[in-house]
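Several structures are given next for inspection.
The same subunit A turns up in both complexes below, where it pairs with subunit B and then with subunit C.
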Partner chain A sequence: MKFIIQRDQLIESVQNVMKAISSRTTIPILTGMKIEASEEGIKLTGSDSDISIESFIPQEEDGIVYVEHIEPGSIVLQAKYFPDIVRKLPQKTVEIESDNNRNVTIRSGNAEFHLNGQDPEEYPQLPQLHTEDSFELPIDLLKNLIRQTVFAVSTSETRPILTGVHVKMEDGELEFIATDSHRLASRKIPLEQPEGKALPSVVIPGKSLTELNKILDDSEDTIEVSVTENQVLFRTKHLYFLSRLLDGNYPETSRLIPEQSKTIVKIDAKELLQSVDRASLLAKENRNNVVRLITKENNHLEITGNSPEVGNVVEEVLASDVDGEDLKISFSAKYMMDALKAVDYDQVKVEFTGAMRPFLIRPVDDDQILQLILPVRTY
Partner chain B sequence: MIVSKWYPKNGRVIFHVDMNSFYASVEMAFDPSLKGKPLAIAGNPEERKGIVVTSSYEARKYGVKTTMPLFEARRLCPDLIVMRPNFERYRTASKEMFKILADVTDTIQPVSIDEGYMDVTSCAEQGSPPEIAERIQQRVYEELDLPCSIGIAPNKFLAKMASDMKKPMGITILRKRDLSNKLWPLPIGEMYGVGEKTAEKLKKLDIETIGDLANRPVLDLKRLLGINGERLQNRANGIDDRPVDPDAVHEFKSIGTSTTLAQDTTDDAEVRTVLRRLSKKVEARMQSKEVLARNVQLMIRYHDRKTVTRSKQLSEFIQHADDLFNVAIQLFDQHWNQVPVRLLGVTATDLAEKSEVTQQLDLFNYEEYAGKEKLYKAIDDLTEKYGHNPFKKLSSPKDAQVTTSFQKDFLDDFKKE
Partner chain C sequence: MKFIIQRDQLIESVQNVMKAISSRTTIPILTGMKIEASEEGIKLTGSDSDISIESFIPQEEDGIVYVEHIEPGSIVLQAKYFPDIVRKLPQKTVEIESDNNRNVTIRSGNAEFHLNGQDPEEYPQLPQLHTEDSFELPIDLLKNLIRQTVFAVSTSETRPILTGVHVKMEDGELEFIATDSHRLASRKIPLEQPEGKALPSVVIPGKSLTELNKILDDSEDTIEVSVTENQVLFRTKHLYFLSRLLDGNYPETSRLIPEQSKTIVKIDAKELLQSVDRASLLAKENRNNVVRLITKENNHLEITGNSPEVGNVVEEVLASDVDGEDLKISFSAKYMMDALKAVDYDQVKVEFTGAMRPFLIRPVDDDQILQLILPVRTY
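This part shows the complex of A and B:
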């Protein structure tokens, strides 16, 4: 195998594929990165058996040549050293060559590295997904769906299913839902379903979506999502991202979302976010930073933070509108800030049903985004 | 302000008052016929788990030491008189002792039932520090019939080291200029803050005395002991700016209790029974202190005295015996190696006062609390009206007597005075 490749293209692909490679894997060969050269271009593969990523660098695209002098072949390289080597090479182009004894030479300018490669035949075949259960959506939109929900997945393994994002398609809508049981994030988009078919609803590990979101560049191009019983595949022109699905039943969350509310606050999201941020400043390290919200006269809210040993902070914020019963409620500052950032609208509507019940944060006039937070009980 | 050679302008004068073999001395004050006789206070004289808690100086002459098994103490000293501890007596004596200290200054920091620090920097009117110390020692001796040693120094560490230098009934002054001849020759193991393990480590670096520690490049120590290495070296050089903090009494770090089993056991059911009992004890003490815990630690000592402690950090604060027990038994199931167990201990750590603790409600169980929403709101409103929670006393009967072997519980009594 031999080829000469543009270094910048190689760096980007290597970095993408590295997202799937873990030094802690039970299958030794998976600590390596597979490199395959063909007349069409170069394919890099990484996998930790939960996530597998293939990144393809075409020989040429739109008249720009990325790879030259290709002699087809393949090899597996130690992923521990390869990315750093590539990043620090001196020239714009890199020559990679392997001989019959799997000795690999990497040349750039006057620098020459020799690495021992591994047998590509030992590298597991990525499963080929055969499914007709697939749909397409713009990459931008997918990134938004992920960003607005994935932060709410559980980080604790006590209920493994909650470490994933529930993706379901119903009634012409695609919905992403995540909850760690203390808060819930949901985002819907209208999606045209393939004629007469119901796509299965699945739970994708939060970690997979976080990595996918890092790899995908903001773009209006589309990405194809295919679903089987235990795997999901995201495919763009040059990227193939395969993730295992979480096994088990995702709890039914729709009934947990209150339908009526007793106190409704409409407010500028940024102002609320900043005042909650200030109120949480005095929270002690590694304690829940709890802030308290109290409705006052004339559309005012009082936001307070209190840390007995440090001090306290009080701030009055003017809401656009406060309607309904008086309310005193305590909640995690972090959850509130996460939710407000995810909603990403200027004006939000916060709907409370009582001091011990979940409350909702939504854009004032958009029902597609929903954030739900459970309050905190003070003793 | 009186400036004298005793009261430096920029410095402090700290006392460390240390009662000499406190439990034994209290028993002798109670029953003077015991005076001059070898006496040991031990956990449980009938059972084999009896361990010497403290002993009189007469018993120490025979080699009887604290934590020594009773049978061994009896072998060394056949005439040994053994008594069970009378915590009520010690508690009363301790209270009286701290009252005498409080006549000198309010700046007192009790560290356990039988020792405490005092800051007498602003007590110049009452005399020189040695005069004040002598007066305290005399009063404790005459009024309570109890011996004590007092260390006088510019900081807490040196005062503590000083009180240890002459026992019983000693008064020792340790100035910074005395370090090289009074403190540095001492073996490293006698330094306050250096335990057995640390001493072993230091000896590997050829640090045998406190002086060796004081003069060692600080980097070596940091590499060996981390930040504590630097702290210990500062102490060895007589540097310690911790204040005498009367409020430190309330900063408890853990609440725990342990018990030696009547017989070594591999019986799962018995372990469960014991852990349940220990958990209940810990719960009671947490309740009386109005704290919650976020970490539970289990101690298992095996028949060969090999001891393991394992702990679990929790995401939520807990307060009930059931919760403590569940964590403890989970730890036991995970870590027990099937070998006969001699002792079990349960300790709650990462404590926080109830008033500071909050509970994050959960989507799948909030309804339990939501049902009581009206009640909470009523309490809230009344709290606002009266300035305090009128129901609080109901749930936490402060006067309930909690039996415990935890020495620091005494300190609460001192604070309540």
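This part shows the complex of A and C:
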């Protein structure tokens, strides 16, 4: 195997593929990165068996040559050192070569690295997904779907299914739902189902979506999502991101969402966020970082935080509108801040159904985003 | 006590003073920050008994009013929450007030914090330095003196005196010296001695100088340095930085510096730095991160790193000049990179006296900076 490649393209691909490589894998060859050269270009592969990522650098695209002097072949390199080596090379181009004894040479300017390669035949074959269950959506929209839901997955393994994001396609809508049973985040978008077929609803590990979100650049290009029984594949022009799915039934979450509300607050999201943030500064001694919200006269809210040892905070916030019953309620400041950041609209509507029932946060004029938080009992 | 103060000035002062406050102190009141209001302005104090920092915000300066409505008094506040509170306040001004029961109220816009203050009488009095042993130098020059030496102090407590920087004033020169016994960094500047008096030579803890360097902004303003038997004070217009000195005799380091050399290499510092950096990538398995340098024909150097398990690196660097005996020498890549960064000149001169003797790195045309490294024995 031999080729000369543009360093900057190689750096980017290596960084993407590294997201799937863990040094703590039980399969030693997976600590390495597979490099395959063909006449079409260079393919890098990394995997921790949960997530597998392939990144492709074409020999030439849009008249720009990225790879030259290709002699096809493949090798597996220790991933621990490879990213630093590539990043610190002195020249704009890099020559990578492996001989029959799997000795790999990386040359750039007057720098020459000799690395011991591993047998590419030992590297597990990535499953080829055969499915017609696929759909496309713009990359920036997918990134939003992930960003607005994935923070709410459970970090505890007591109910493994809750560590994933529930992805459903029904009635011409695609929906992402995440809950850790103390809060819930959901985002819907209208999406034409491919040829009218229903797609299976799946649960994608939160970690996979977080890594995918890091790799994808904001762009209006489309990404193809394909689903099988136990895997999901995200594919762009040069990226192939495969994740296992979580086994088991995702709980029915729609019944959690209150259908009527007793107090509705319309308010500037940023002002509410900053007030809750400040109130929480002195609520950190409590394990749950709990703040209290009380409706006052003339559309005012009082938000308070309290640590008897240290002191307390009182925040007064003017809402645009407060409608319905008076309310005293306590909740996790962190959950509220996460939800407000995810909603990402200037004006939000917070719908309460009494101090003991979950409440909803959503944009004033948009039903596609919904955040739900369970209050905290305080006496 | 009561006053209204510009938030941004307060944030900066609080951040500076926090550098002296540790949550792990054995004296509980020192986990707090002392605030003193007088007609002249506001003084903040923090201390961990090794370092004490006072920052002063004048009531008014250059026609700009920083503090208004001052009612003199003082209080000690828990430092753990104070910086975050101040940083997140909603308005440009902050009102701080304490009553006779040491209840402190911090108000800004619609945010109101109530904190339990502590008795300022319990806060230890900072020693007032009475000394005529002082001198002045520009702040940016002091920052350079620190930056070019402090990294070489010892991090081990086996010889505590080596955790400090030796500061000497002799023959019209001020010199900073640091060594961990494997390497040495020194920087001299010409400095008129105050009224011809010799100043005592002292050893300042490396940690104190590192914190001081973080607080000082690059500036051509001068800073006053005063020395007593066991303390050193750095004073600018609004900052008072006091550090204890290290007890004991600093070793005589001048005899470490070879007086003649057998091989002299003149070379571009950045090129050498980058080559050593790359060679070290595959030398990390060795505890000491050792690379090897060999002189070649026609002013070429070969720099190599080797990890038998992983592979090796060969770097070829063209020096501007190589004069004297051929050489093979091994050294810590980290020490070499630290030294080259500290020298901070384009062209450096590296003077070797054989493979077993310490070697020197300094700028080609400047004798005020000197870096010394002990080679590593490899067979």
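Basically, the second predicted complex is superposed on the first by the 375 of 379 C-alpha atoms of A that agree within 3 Å, B and C clash if a C-alpha of one lies under 4 Å from a C-alpha of the other, contacts with A are read in each partner's own complex, and residues count from 1 in each chain.
Just so we're on the same page, contacts are C-beta pairs under 8 Å (C-beta built on N, C-alpha and C of every residue); 3 or more make two chains touch, one makes a residue touch a chain.
All values reported here derive from a predicted model rather than from experimental measurement.
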Figure out whether A:P375 sits in contact with subunit B (first) or subunit C (second), or with both, or with neither. first
Would you sort A:S201 into first (subunit B), second (subunit C), both or neither based on which partner it touches? neither
A:T210 in the overlay: touching subunit B, subunit C, both, or neither? Say first, second, both or neither. neither
Can A:P358 be said to touch subunit B (first), subunit C (second), both, or neither? first
Check the residue A:S332 against both partner chains and state whether it touches subunit B (first), subunit C (second), both, or neither. first
Partner chain in contact with A:V314 - subunit B first, subunit C second, else both or neither: second
I'd like to know which partner A:S22 touches here: subunit B for first, subunit C for second, both or neither. neither
Does the superposition put A:S275 against subunit B (first), subunit C (second), both, or neither? second
Using the touch rule from the top, collect the residues of subunit B that touch subunit A in their complex. 292, 315, 352-364, 366, 369-370, 372-373, 376-377, 380
For subunit C, which residues count as touching subunit A in their complex? 78, 80-81, 84-85, 88-90, 104, 110-116, 274-275, 277-278, 281-282, 309-318
Of all residues in subunit A, those that touch subunit B in their complex: 156, 179, 181-184, 251, 253, 256, 287-288, 290, 308, 328, 330, 332, 354-358, 372, 374-379
